[in-house]
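Below: a set of structures, written as structure tokens.
Two complexes follow with subunit A in common, the first pairing it with subunit B and the second with subunit C.
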Partner chain A sequence: MSLTSLVPLIGISDVVIGLSLGSRLFLIAVGLSLIFGVLGVLNFAHGGFYMLGAYVTLAVVSNVIDNFWIAAVVGALAVGIVGAVIEFSAIRRLYDRVDSDLDQLIVTFGFVLVIHETVRFIWGSGSYSIDPPDVFNFSVTFGGSTFNAYRLVVIGLAVAVLIGLWLFITRTYFGSLVRGTSSDREMAAMLGVDVPRLYTGVFFLGSVLAGLGGALSAPLQSTSPALGDQVIIDAFIVVVIGGLGSMSGAFVGAMLIGMMQSLGPQFISAGSIAIPFLAMVIVLLIRPEGLFGGIGE
Partner chain B sequence: MSATDTSSRVSRFRSAVAEGWTRERFGVLGALALILITFAPPFQVYLFTDFLVVSLFALGFNLLYGYTGLLSFGHGLFYAGGAYGIAIVLRDLGPMIADIVGTGISPLVTFMIGGVVGLVLVIIVAVPVGWLSVRLQEIYFALITLAFGMLGYSLIIQDPAGLTNGTDGVIVLLGTVDLGGTSLRIGGRRIYYVISTITVVAATYGVWRIVNSPFGTICKAIRESPDRAAALGIDASHHRWMTFIISAAVVGIAGVLRAGLASVASPGLTHWSTSAIAVIATVIGGATYFYGPFVGAFIFLYIRWAISRFPALEAYWELFFGALLIAVVLFFKQGAVGGLLLLRDRVLGNNDDSDPGGRENTVDPGEQASAASDHEDEPGNDNMATDRGDDT
Partner chain C sequence: METEIGDDENKEKQTGETPTSSASQSPIGRRRFLQATGAGTAVALAGCSGGGGDSGPVTLGAAYILSGFASLYGEEAERGIEFAQSRINDNGGIDGREVDVIVRDTEASGDTAIQQIRSLVQEDNVDGLFGLDSSGVAQAVAPQISQLQVPFMITHAATPFVTSPQGEHEDSVGNEYVFRDSNSLAQDVYGAARVAEELDATEWATIGPDYAFGYETWDYFQAYCDGLGVEAEFTAEQFPALATSDYTPFISSILDADPDAVLTPLWGADLTTFIGQAEDAGWFDQIDHTLFSVGMGTDYPSDGSPLPEGEYASTRYDPFVPDSETNNSFREAYYEEYGTLPTYNAEGAYRALYLYKDAIESAGSTEASALVDEFTGMEHSGPVGEYQFSETNQATVASVWGTVTYDDEWESNVLDPVNRYEAGPDVLSEALGDSDLPTGI
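Moving on, here comes the complex of A and B:
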């Protein structure tokens, strides 16, 4: 098939949808990656945090205040507090164990079940959806294809978060503490860094990002309790491909997977959902540190 | 007066229990219990069969986790491998086998051939998957097994070869054996229970022999100290690979039994949430003990059943297991078996709080026999307790 016959198949709207899917994945994956890079914890419950963010936002919009942006901030912060409580009450106890990695994974998996069931208990098993905020709820026609303007806002916010995080980690005092603790925890502790508090802070930040991802994508998808389980696997793929602990890696990986989800089915009819997992296996075998390495890059 | 009376009765009880708790008597009691269950109500027979199958699934998983320290989140792949192996044989080869052996006995023969095919299929998949996976450890091993499991899930759903029937899965019809007038429905709950029991007991015995063989000892040595094992000339990754294959094969047998029990081989078996059942059962039961997965599976299925008695709670049974899982990992790494051993020591008077596993200092002479057998059964020894359990 020649290039000229391929190109018209890719609508601009598919690209925008792919990038917006990638943006929501980025917001989960970057928090997951940040927590792993600093604490060494692979947080299985991160998908649950994302789902919780979406639910809290929906609840606030429909019950408390009819302003999406305030609701999204409330949702993100609520998830951050849940995350900080989980770190403080449970995960903290495991840092000094010999095989702490696996124990942490199992404990956070326990929280997957707890969060899933709690959400079901409060909001039921049905799915919810809301419209994008009115200001951006219009269609954009570009290059012959149509998409909702809100998708562009999500993409823009994801880029803003990437830049903001990068500035935060590389340019601020707290960021330097995070980097220092990430590379040598004992030394940082000896130099007077309050490591336990820093860990809770980083876990809070990572959880806020997941909650924000959930909040922002609430208008783009239907929110159901199964959402967390679906999204955590995509986030695992993203962080593995981008490199556990790498923020720019999380961004590139997320956009790659988002585009694959959007465009993949048009090119490969069979096996398209298998490809991300195949990519994950290959990256783990050839470059376990991911295509991009290290925190703060 | 009453005090001395009570204490003498207690000590008599203690010695009777201590002398009586030998492995042979346990075996006889266990066999009796298994036979008695045949006469239970149909649903209870079904539930117990389910328990046996999940036990074998978790036992296979724990061979890898408890004995080499590798946590797999993709063992659903092998569970499904066994299930699809037998389901496809039953669907596609049933008539052919009936032509060869005659229609009377053909369902049983087909079932057995299907089981063997399922097992072989699992081993064929496990050899390369294991070889690649054991290069990684800890979190990375968990991630790559998760990826392999989900890769299998995607392929079964999308069904590029036209074998797995997509999201619907393959229906399993076990058929009826007809022996000159007596007909036995293989899928009948009691018959299937007997088949499952024989298979699970045999597989468990096989695993027990492997665990207590020189090979098993080497695996434990690798888990405790990979560097020291390597210094002794042990090829750690080779042993991990072999353990992976054996573990997958055991899970595959459980998968074969699952297909018959559920009457369908469905793609959900490959999903990571199925793999997680083995993790939950093993951790709750006690990963450091050989029988941990059995106790964990028992708790998993029977507590779930008990919860389902209360319609208000039924939908939220996962909440209970999530909380239990967190509590066990945080506070009591020995799991339920550790708890039971602790309770036994309390009853027998070997009250030693410094030893929650109840594995050392059991000096009561009458208890020596059973204590010694426990030592053999446990993948974990005292190093294990200090390494994994008590340092919260």
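Moving on, here comes the complex of A and C:
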């Protein structure tokens, strides 16, 4: 580990790259946070969902239809269905257990392994990559530094998802049920809310978002079975920094971590991977509930 | 009273006999015992015929990366093994004995590799070992080999410290059982410095994997440039973790430093990922020269981004150089069989089988100590050319660097023009100058 230069040169491209990394993280972290906020489940398999989204998208683009956007939607929905099935068949059985937190961790971790090995079985252990959709597959040069225009699309979509989710949670009937159930599950059930179905719905939505993150990231990274493990750690850090259960927290946390990942290498040549962990430690020490702590914000 | 005493004696006798009689009365216990004995005998017999005896097949154990980001190296090695094995067995085997090879997956992990190798030696009773793709793995394995006392022919992993005798440097783990038939990082990077000598580039940077191999490549390159008097400044370095899926922040950081040339030892799927993302970032327009030190090993078998034409790459074996009968016929036959040019990993594994064949036939035995004696200082030749094992058990093969050029005839990238830099002990020692880095040869 040594200093690359005393005065790092931070270009526009570094910022764009950081925000696009943050956008990818946001899509995973917001689903993770949503599921935790409403269901109280810390879903370890969320990184696996992200990876699965990337794989399904790659498979659809290369085997079924050569249209990235359709493939991305298929990828996201396929992951949503996988998530809903997992919630319906396994996680649902754990809610009423006395010490359900540990059981949930073990069960979702079991699914991490199942997804990982299934992906390896189907697609092998090598890595795949695809080009961004043609319309956006060009380089933008800004002040001497270059980035792919598709990164701007990913950033835009992440912002759109944030706004869409916010409107959905605060302005729709289903959103009010979600908020009500997350603050008092028993009261909601007594008032006639079909809590089990709502839980499956929220798990589906969270999984779709993770799948979408994977799908949109497929052109920006190599997709291999290791992907899920790498990303879930970052997503946990984002959620801890932003505050468990907070959407805006997930967004701000994700962008912070994205920028750290992008600018870190400017300052140290190796080990910049540790910077987000340091940030997490600091947040936990100073503001343990996270920057935007609280459910349903 | 007497009767009573007699009864007591009888009782004592009975109790004394109890364990034996109950064992003989219990059919389950006896059956289990017999089964265990039978299985034990079978294992012992299998052990004899597998390794210890001088009849039956010669069994060799190999360990390569068969899964994960660098699985393509293991797949290539398996081809080389299969190719050599069928050639040897079709032509009288080794001293009339068939050769069997058991290939295990190291998963690019030192711990896994050690487990696999121990199992090959202790359960499969192999006569000899070869393989290894990763420097980190080789570094972990070498001391174990000296404990297991079975010869190990490394065919790819490049760290100089496994052919640098223990004690020469703090990281040195070389010992009498470990040999290498492919060129080492010290030989390969010497060629990189010779290329740098010729290039119009003064500011140099590196992007390599975040473990010993990445750092050693950069250390040796700087030492050689210094020793050879190359005018070079070393302005930026990046060491992303292995199996990074997104290199853009690291690429961006190097581009911001704007060096004239970059030496990169990225390898496997990491290299493919890097090239695709570097192209997107305008790397090859901005950086005048990129030197890929593990380039050709990844280029042939990879489905992804090929090495860009006009850049420099090295190989541990070139299918066209030397232009010898052995090399040409190997290349042609291999191409006919697999439809691709042989990579250095295929050639290294292929040659390991022939090294064992020659050593076993010359020694007339598969005893480990006899094989070690044969390999020590052995002169040998194969597709890679003629070479000898040095005092430190390193093959004196050349460093091969060239310009990446697409060849229509072979439908593949090749190195053209290509240079062979002789990289024997004296050459490396002189080029390293005042550095305390070992030559590993």
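Rule of thumb we're sticking to: the second predicted complex is superposed on the first by the 280 of 297 C-alpha atoms of A that agree within 3 Å, B and C clash if a C-alpha of one lies under 4 Å from a C-alpha of the other, contacts with A are read in each partner's own complex, and residues count from 1 in each chain.
Rule of thumb we're sticking to: contacts are C-beta pairs under 8 Å (C-beta built on N, C-alpha and C of every residue); 3 or more make two chains touch, one makes a residue touch a chain.
Worth saying up front: this structure is predicted, and the values here are computed from it rather than measured.
S.K.: Considering only touches as defined above, state whether A:Ile273 meets subunit B (first), subunit C (second), both or neither.
M.R.: After superposition on chain A, A:Ile273 lies in contact with both partners, subunit B and subunit C.
S.K.: Just to be sure I read the superposition right, which of the two partners does A:Ser127 touch: subunit B = first, subunit C = second, or both, or neither?
M.R.: Second partner only.
S.K.: With the two structures laid over each other on chain A, which partner does A:Arg97 touch: subunit B (first), subunit C (second), both, or neither?
M.R.: In the superposed model, A:Arg97 contacts subunit B only, not subunit C.
S.K.: Quick one: is A:Ser222 in contact with subunit B, with subunit C, with both, or with neither? Answer first, second, both or neither.
M.R.: So A:Ser222 only meets subunit C here.
S.K.: Once the shared chain is lined up, is A:Thr172 touching subunit B (first), subunit C (second), both, or neither of them?
M.R.: neither
S.K.: Between subunit B and subunit C, whom does A:Asn67 touch in the aligned arrangement: first, second, both, or neither?
M.R.: In the superposition, A:Asn67 touches no partner, neither subunit B nor subunit C.
S.K.: Pick out the shared contact residues on subunit A: the ones touching subunit B in one complex and subunit C in the other.
M.R.: 120, 125, 270-273
S.K.: Can you list the subunit C residues touching subunit A in their complex?
M.R.: Per the touch definition, subunit C meets subunit A at residues 67-69, 71-72, 210, 235-241, 243, 245-246, 248-250, 252-253, 255-257, 269, 272-273, 276, 280-282, 304.
S.K.: State the interface residues of subunit A toward subunit B in the complex, per the touch definition above.
M.R.: Residues in contact with subunit B: 42, 90, 93-94, 96-99, 101-103, 105-107, 109-114, 116-118, 120-121, 125, 229, 233, 236-237, 240, 244, 270-274, 277-278, 280-281, 284-285, 288.
S.K.: Sort out for me which residues of subunit B touch subunit A in the complex.
M.R.: 69, 71, 132, 135-136, 138-140, 142-144, 146-148, 150-151, 154-155, 157-158, 160, 272-273, 276, 279, 283, 315-316, 318-319, 321-326, 329-330, 333, 387-388, 391-392
S.K.: Going by the contact rule set out above, which residues of subunit A touch subunit C in the complex?
M.R.: Those residues of subunit A that touch subunit C are 2, 4-5, 8-11, 13-14, 17-18, 21, 120, 124-127, 129, 139, 141, 145-148, 220-224, 226-227, 230, 261-266, 269-273.
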